[in-house]
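The following pair of complexes shares a single chain, chain A, combined with chain B in the former and chain C in the latter.
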Partner chain A sequence: MDNLAILAQAPVFNLQLLVDGVLIGALFALAAFGMALVWGVLRIINIAQGEFVMLGGYVVVYAAAAGVPPLAAVPLAALALYVLGWLLYRAVIWRVVDQDLFVSVLATFGLSILLQQLANQLFGANVRSVDPGLGTLLLVEGSISVPYVKLVAFAASLALGVALVLFLKRSRLGQAIRATSQNARAARIVGVDTDRVFASTFALNAAICGAAGALVSMTWVIHPYFGLAYTVRAFMIVVVSGLGNLAGIVAWGAGLGVAEQYAGFLLGAQFQTAFVFGLLVVILVARQLALHRRRMVLR
Partner chain B sequence: MKRGANACRLAALAALVVALGLVAPWVFPQAVTQLAFFWLMVLFALTWDVLGGQTGYNSFGNVVFFGLGCYATALVQRDAGLSYFTSLAAGMGLSALLAVAAAALLGPLILGMRGQYFAIATLGLGTVAADLFAGWDYVGGGSGIVPALYPGPIGERNRFFCYVLMALALLTFASLRWLYGTRFGAVLNAIRDDEDKAEAMGLRTTRHKVAAWMLAAFFLGLAGGPVAGLVGFVDPRELAFAGTSFGVWMVLMAVLGGKGTLWGPVIGAAVFHVTQELFWTYLLGWQRVALGLLIVVIVVFFPQGVLGWLRAQRPQWFHETLDEGAAAAQPAQRDEAGMRAHERTA
Partner chain C sequence: MHVQRNASRSLMVAGLCAAAAMAASAVQAQEDTITLGAAVSITGKYSTNGKNTLDGYQMAVKRINEMGGVKVGTTTYKLAIKYYDDESTSARGAQLMERLIAQDHVAFVLGPYSSGLTKAIAPVTEKYRIPMVEGNGADRDLFTQGYHYLFAVLNTSDYYLREAVNLLAEQAERIGKKPSDLRIAIAIENDNFSLDVRNGVMEDAAKHGMKVVIDDKLPPELNDMSSTLTKVKALRPDMLVVSGHDKGATLAVRQTSDQKVHVPMLALTHCDSAQVAEKLGAAAEYAVCASQWDRSLNYSDRWFGSANDYAQRFEKEFGYAAPYQSAESTASVLVYADALARAGSVDPQKVRDAIAKTDLMTFYGPVKFDDTGKNIAKSMVLYQVQGGAYKVVAPSRWAQSRLVFPAPRWEERESAKRN
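And then the complex of A and B:
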């Protein structure tokens, strides 16, 4: 907590934490948007969400090593993860869609462990990152530094979010996805191929996460074991903002990003993950207490 | 009369298991550690199933109680200044107390949650505990803590802890066998089958769930100390709060054997332990990948487990051998449960 004094003496540090938090929060929001999509349409909670983020990052790492400019590799990561998502749906996920929630949680948890261990085995346990070489923006006489790539990532994730909403509202497949999420049986009756919708939704979610991971690898670092933290962040954001609420997801994503920056700064970086998971428990308990109070009133 | 014969057979079976367990470390002296871990796995799977299988609440965080046990015993041995066996006993007692207290405190908060919220909250708990202990200097931080050295040769130490873990696993089995035949066990099953109806019938569901969790925590806490002594080193992430290994294995073993049954977790633990040892021996480096694949395959293709599969294949066996106490006490209810299980798997 010694750093609290620093914050009081040099208020400009607050600004730095805020900016960093909001910029990284947009990436959390992207993963959360994908989770809300899968949750709403397939009615499963994908624990392997964070692993998709992590794999997207590795696509950029290897593409950059092969000479592709990192920013151009973002669509590549999305495409690769789209294919992976489709394959995973066809191999595993379709079997657990109508089953007990426990089965889908445990199955995707298994996938998460599988992908994480595969990444560890294939790519090594080292922390990786890519430098896109865009330089750094200095504000307030150089006391706040914002790498341009973070701004680019922020803009890209917002643009991706808006594009997704438009896609869901306007396109034929998007409408089918929304119809399925409202009532899968009714959608089948009016001729929607719900199995295909499920597959597209799951693959789309993987692609979104892949793009988010690609941006993470340029703005932060990636590591085979970082996945679960992203899953938990996405889950928290969805729980507090609800399904299908883009503005809420972006706002809570930014809020979570800022809270995490402060926690990392004040408690020390080694407690930052503990903070994320602790916040998860706190949020779920708070939600539970709120629901409980409502039930008491009804009685 | 049938009851008497059953009791006789049961006593004979128990004596056989104890005799085999006592003899095994002398017959296979090089496999004593594996044997000790087998008993630990049995205990893990059985305690997970109290809430996971019998009550329908799937916890990924039960490993927290085990970790508390590891640390509490190691700390008592380090700081209390008692002789080895006294400090081990005191540490295990304190461990059990702490674990039960933790379950009693956390339970009312998170056991009110339903389904996936509970599962993910417990997932968070396990990781928080690992990170907190890894960042806490008093307990050695990320580098862990070393419990007191066993006063004797390594072979004797392994045998001693193997027997301790065997005793704990058998104690757990016996307690749960008794418990599932009581009214308390019936309430747990009622919560699993339809929690809203159970509540509407006036059962205090959350209280029962918390009590069940405390019971699981008690045995997990007790098991922490002996494992710390056996391994000789408590690492926060790899041993004590190993969420992605022990934490998931518990679930996997119970599912593999058949969750919601008494013998299922035991069978699951045996099958899983052998598989895991084979993976570790023959799949250099790739064992954890194979394990992840195994989880997916079992959950997706074999969710009813060995016993669930057997029950679907040979329903007549299960009125003979399984849960004799409960079957004798409430034959009608048993049949109905068996039928429902049959329908579900068919």
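And then the complex of A and C:
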């Protein structure tokens, strides 16, 4: 409760928590966009989501070591992961598209372990991070500090989100993706090459995660084993906000980020993640109860 | 024709003789080698430190063999290492140890990397009554179980940052502050090692009457500690203690600098293996780091010479600067070399008793075990990152440099850079 007293006495720190929460939430939302896309179109829950984020981070680490400015390496990471996503679809994912959900969970879980271990072998278990050298924005006499790179990451993830929406609405492939997600068989009948749509969607998801990972490597630190945190948070955001609800994903991403920051501040970092998952259970139960009540009315 | 057959027969005989001789020499070579078994983390989350551990073992074995091996009684033995990859998981470590002892008939064991794995393996070596000398399991709990065959050359983990608390008290008195007015923030990873580090800090802080104002435990997969740092900013403690292997050190340095969080003293573990000064540059400046060993210490032995000689030899062999994880692994092998010679036997029981009586000076520091098997002769060192290099600042006996305390504020550092 001492920590609550701090917030009451110095409300400025509320702002710091809010800002930190919203900024990291945008990155969670980015990974969740991709997950929702794959889930909606391929009917696959991709457990390797976090590993794509992790690999995107490593692209930036190595690009920066080769002299590429870190920010310029973000599209590079997206491109590299697009190619990887495409290859993984052609090698593994297409085999599980029409299968039971459980099969796809197992397959992508296997991929996730494989990618972690490969990353560990290739890049080493060392913690890496790239300093983009952008400096820090200080507000309210230094009480609030926001590294500029977090703002850049936030802006970039919003821009990516908007671009994704426009792409799905306007472009030919985007329309095909939406058609396939509505009814794959009907799409096939009207001439959509659904296999290609599936491959593009999976690759697109990997690219989005790659971009998110690129931003993570500049803002926080990366190592081969942090992926799971992103998979689980993406999963949670998608479960709570529903498929095909991009605005909801952004809102829940930011909400999740803020909730985590407050939990970490008030209860201690050991309860940060536990609190969030406790919250997930509460939300799901509450929603279940609400649905139940509605069903009673209909009956 | 007859002559030809005879010739071919004698050729065959000669061939058989040669084969027999080769087989005999192979048996001979096997008899003259003592194999030390180990499970080390080549893959998984400890793979970096696991490699450091293995390299340390190999370094020692290579050097001892170069110098002619170990004389046990009248026979001179070469040393060899047999190791398996434990994948950084405890269950696998214990399984592999069973295999090393029961199937490969290894009679002497070296430790794995990390306290967790050592904890998993120790019951196995106890069961088979095989000695284990280790340099990478620092958990205090390991030495309260009544283990009879476990020996550690390193300081237990609760000692890592006790010295930092004492240093803080000393510095506070120098600038006219009472130690009991000081406040400490602790943020550690939720694992055995770091919890011990925390307990050591808590105990010594209580001794000085200091107050612990933050006591956060970071989950192992976390790569963001900004909520803890916001608390630090609000409460302004005199020292922030962070422990969480390489990840914790990197994260703390990166985020205190990014978020411009000022603490008069930032005390860390694992700075050198995380290479914070090399990789994070100015952000790491003034961080205080605990270490088991440093190349500038004036210890020396008959195998490697001084600590610095060891470091040079290691760097030449493996192409990277020797971290303390490697040094303590090398020292574990040296303990075996010394004990085997004194025991005059390769019987595990006799060697175990000889290890218990060890009183050895190594490049890594003095080694002498108490009844529980931990090394009581050596102390920890503290570095401070100064000008991009790790400078020993405590204990004062070996200090190269004076501690900069309090560390300058971030805005002062920036304006100093501009001038």
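The definition used in the following text is that the second predicted complex is superposed on the first by the 261 of 299 C-alpha atoms of A that agree within 3 Å, B and C clash if a C-alpha of one lies under 4 Å from a C-alpha of the other, contacts with A are read in each partner's own complex, and residues count from 1 in each chain.
Quick note on the criterion: a contact is a pair of C-beta atoms (placed from the backbone, for glycine too) under 8 Å apart; a residue touches a chain by one contact, two chains touch by 3 or more.
Note that the structure is a prediction, hence the values are computed from the model and not measured.
Residue contacts after overlaying the shared chain place A:109 against chain B, while chain C stays out of touching range.
Of the two partner chains, chain B is the only one that A:281 touches; chain C does not reach it. In the superposition on chain A, A:268 makes contact with both chain B and chain C. Overlaid on A, the two complexes show chain B and chain C touching the same residues of chain A, namely 117, 120-121, 228, 268, 270, 273.
Within the complex, the chain A residues that touch chain B are 45, 92, 95-96, 99, 101-103, 105-107, 109-118, 120-121, 228, 232, 235, 239, 268, 270-271, 273-274, 277-278, 280-281, 284-285, 287-288, 292. Residue ranges of chain A in contact with chain C, taken from their complex: 3, 6, 10, 13, 16-17, 20, 24, 117, 120-121, 124-127, 129, 131, 136, 138, 142-143, 145, 147, 149, 216, 220-226, 228-229, 260-265, 268-270, 272-273.
Chain contact summary for the complex, chain B toward chain A: residues 58, 60, 109-110, 112-113, 115-117, 119-121, 123-125, 127-128, 131-132, 134-135, 142, 244, 248, 251, 255, 285-286, 288-289, 291-293, 295-296, 299-301, 303. Contact residues on chain C toward chain A in their complex (touch as defined above): 43-48, 187, 190, 215-219, 221-228, 230-231, 233-235, 246-247, 250-251, 254-255, 258-261, 274, 280-281, 283, 411.
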